[in-house]
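First chain written, first letter: the chains are A, B, C and D, and each begins at residue 1.
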Amino acid sequence: MKIGKATTPSSAICTSDEDTIVVRGRDLCAEVIGKLSFTEYFFLLLTGKAPTKATLKVLDATLVAITEHGLVPSVQAARMTYAASPEALQGAVAAGLLGCGSVILGASANAGEMLDEVKQRMSSGKSLQDSARDVVSEYRAARKPLPGYGHPLHKSRDPRVSALFNTASEAGSDLSYVEIAEEIEKVIPEIVGKPLKLNVSAAIPAVLLGAGFPLQALRGVPILARSAGLVAHLYEEQQSPIGFALSYQATREYEYTGDMPSND
Amino acid sequence: MKIGKATTPSSAICTSDEDTIVVRGRDLCAEVIGKLSFTEYFFLLLTGKAPTKATLKVLDATLVAITEHGLVPSVQAARMTYAASPEALQGAVAAGLLGCGSVILGASANAGEMLDEVKQRMSSGKSLQDSARDVVSEYRAARKPLPGYGHPLHKSRDPRVSALFNTASEAGSDLSYVEIAEEIEKVIPEIVGKPLKLNVSAAIPAVLLGAGFPLQALRGVPILARSAGLVAHLYEEQQSPIGFALSYQATREYEYTGDMPSND
Amino acid sequence: MKIGKATTPSSAICTSDEDTIVVRGRDLCAEVIGKLSFTEYFFLLLTGKAPTKATLKVLDATLVAITEHGLVPSVQAARMTYAASPEALQGAVAAGLLGCGSVILGASANAGEMLDEVKQRMSSGKSLQDSARDVVSEYRAARKPLPGYGHPLHKSRDPRVSALFNTASEAGSDLSYVEIAEEIEKVIPEIVGKPLKLNVSAAIPAVLLGAGFPLQALRGVPILARSAGLVAHLYEEQQSPIGFALSYQATREYEYTGDMPSND
Amino acid sequence: MKIGKATTPSSAICTSDEDTIVVRGRDLCAEVIGKLSFTEYFFLLLTGKAPTKATLKVLDATLVAITEHGLVPSVQAARMTYAASPEALQGAVAAGLLGCGSVILGASANAGEMLDEVKQRMSSGKSLQDSARDVVSEYRAARKPLPGYGHPLHKSRDPRVSALFNTASEAGSDLSYVEIAEEIEKVIPEIVGKPLKLNVSAAIPAVLLGAGFPLQALRGVPILARSAGLVAHLYEEQQSPIGFALSYQATREYEYTGDMPSND
């Protein structure tokens, strides 16, 4: 039995023979290793083009901004997994990445789509303010959350937001999505009835889209960033284990709400 | 029931409150975002110290060297997974990383341990050549493979090896592990009976250990690197799917070797 | 920093002390081990109730129906992962399960929701035929695929469908969702313009919902079933490896569509 | 580039065409669905043979014994993952399985190897007691832990042990590995200096090896069992979420041990 389509697999990313590895049209060994930083190379692999200086600055800043935020659930899951399966570091990193889904880190990509919707309204002649109001109102009407606004810990603005916006501004990167993100923040109180401040999940697409990062690839940014954070945590876990201690603490006040056997 | 130890979890990596995120003793927003590259930050998170220029150069080069090598098994697994589960990019990246184990990318860490064993012999006064010979002979006697030597495709030396060694040399990084790696390559023919050339898995620890990267954290390097390659492949998969085509091709000549039902 | 909610974790599934493990109100060692089959226990853990004989028969049949279907993409991904990382069987199973997503095995849960929508229309007095027509028409209008109808290989009806329906019928299980599934199959040609036959993904919820299996838990059924199939494949992989051969075959006709370096 | 071997993939597990699915020589739809339980089918897929009644009884009992043990680390990791990524149930199950590694559930397979070593000594004529003593002494000399003996919670014998041994005995299954396991328990105090009671990880191979379950496939048993437990927990998580509450509790007493920024 054959599963899948009878087509020939192709890719524009890499080819190689015994002597040469070609990536995106460049000789890996002659033109890339030692010449490009890891971040520059990531952008090249993803888009086929080397980043400009401004784009590189912005991409490095966004990766740095979300690499690490302490013992968040995905880091806890990874450290518990490593404690139980120290033979497979890759499994513990994978377990941590599996928590980079829609609720937490996936919000960046959703926020990017919202910003892009506003941008599209503007390209048909509507003002920034009206476009932002329309999109926020439509999200509210459809009872969709506003991705990238509000944060359980940072009730005022998430401090990473300004750091990212300043970096984009100093790098001379396009700020049009930043303006959109800030306009959305401004119109939220009147439409939603309470202030929801920009958090890092909206700031990331705001600066990345302006820097030419593809909208459809946004979900990959937190995943790559967290891989670095997870590797750091798992190295610490190897040296100073807390995986099982986290698990102990988590259930210290555990309540069983089911039935007990009747002892007849 | 409590699982795990009754100890308090601690970590030296990150803390935060409503206004500030502190990573390795630095204010993330004031001192890190926009100031450090992703690679610099990775080294800081992992070791607690900022990398020197030479270390940064070498770490970037090693990450770049192993980020991508075409449609290797782990990339195929990731693209098939994404084709079947496009709602979960994180799952496809995780599936790809799960193939970064002992046989393929895990060889870097094992090679690092072998280089380090030679180094330790030397620190007790033995010559480089004798130390290399002893360690290679012991691996052979124990029937252990020599991790980082030999490659199915690159029968002569993997071209990434020279690129990494040149980068380390130009950056002014410590080359003592590079010398060890080359000495091992020299003594292999007489001991093993055939030439096994240095491949990228031995070159990575050779340059990284000289640059001050922790031996115990080597396994994390290919995992982080491949995350970037996987994100690039999965973005291409989203735009130009081949996941099911790979699966079709893989079983075009499939043979079922079991029994068939008897049609009585 | 605290992530998450300040509430006390509770669960109705299990509690234990030094002498006793209680699951869903029963003493695991005195009342469950050796008394319940694995399938009965799965239903008990999931719902808190032991299955009736009819429910058990149907649940066993559905699990059996989707445990195995040859070298499908998720099995290929798992075998490639195991070949690269033989130290971590759990990682290879996980890689295989990560392909049990929305496109392939996730269709069962989506089909269950479609059947349930028809059921709900009927409970407000509409006829089976009208309810089925309305729901299929609405899916078409919204350009949503009809989950569980059509199959790339089994152009006529998937043979597993009748086997499941017969099992449910012989077991005396409620067949009302089976009737809904068959009515949908009947109305498809006029609405869609081509016949799309019931496949196993619609047959599974058709029999399971009638057997009292919770709609919201349907996604777990193929995941559990495939775990068994993956363990069998990975045991065969350990004894007769084909993981790398699959990868080789998959790229035999690979085409690189990117640029080549200019050799100036 | 081609990765992998130029061989044709083959498998003895399954083949299919448009009308028939054949598994291990049987017609899935005519001979398996509705006829075999999930556990019987798992054994058939794995070994190519249907289990005897005694083997089925023992295999069901072992699967049941380790499906569930409350909010253990892998369940916590899975529930945290699901809370963050509810769009991907398969990812949360995978995250949980990734913790089924060497330290916790992997012990079953290691214990099986230890029992088998004793069995092999006996087959060369040595007594049960001497064989057990020799193997335990060798493990101690090599500073290897004794897998399957001792338990953090169940200081006396894990109650699942007797339940499994009784099931095997009542089913008329071969008890020779059970005798080995109990002999090891007897000789431990004199060799190790303290009593380490049989736990479920040694009891599982003790009954399964006697029932004809393949030694090399033991690692798959807890993985399959835990898949069922994880699906039950994740269904409860969907209905009554505690994933983020677990994470909150885990870090309530978190201590940051790194430096703080100097505020100059």
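Convention: a residue touches a chain if its C-beta (ideal position, glycine included) is under 8 Å from a C-beta of that chain, and two chains touch if they have at least 3 such contacts.
Not measured: the values here are computed from a predicted model.
Distances between chain centres, each the mean of the C-alpha atoms, put B farthest from chain C. In terms of C-beta pairs in contact, the better-connected of the chain pairs A-B and A-C is A-B.
Averaging C-alpha coordinates per chain places the centre of chain A 35 Å away from that of chain D.
Centre-to-centre spacing of chain A and chain B amounts to 23 Å, using the average Cα coordinate of each chain. In whole angstrom, the spacing between the mean C-alpha positions of chain A and chain C is 30. Chain contacts: chain D has residues 1, 3-4, 8-17, 30, 69-73, 85, 87-88, 90-91, 94-95, 98-101, 106, 153, 243-244, 246-247, 249-254 touching two or more partner chains. Across the complex, chain B is touched by residues 1, 15-17, 70-74, 76-78, 80-81, 83-88, 91-92, 94-95, 98-106, 243-244, 246-247, 249-254 of chain C. By the touch criterion stated above, chain D contacts chain B in their complex at residues 1, 3-4, 8-15, 22, 24-27, 30-31, 48, 69-73, 85, 87-88, 90-91, 94, 152-153, 250-251, 253-261. Contact residues of chain C toward chain D in the complex are 1-21, 23, 28-30, 32-34, 36-39, 41-42, 45-46, 57, 59-61, 63-65, 67-71, 88-91, 93-95, 97-101, 106, 153-156, 159-160, 162-164, 166-167, 170, 214, 216-217, 219-220, 223-225, 227-229, 231-236, 238-240, 242-249, 251-252, 254.
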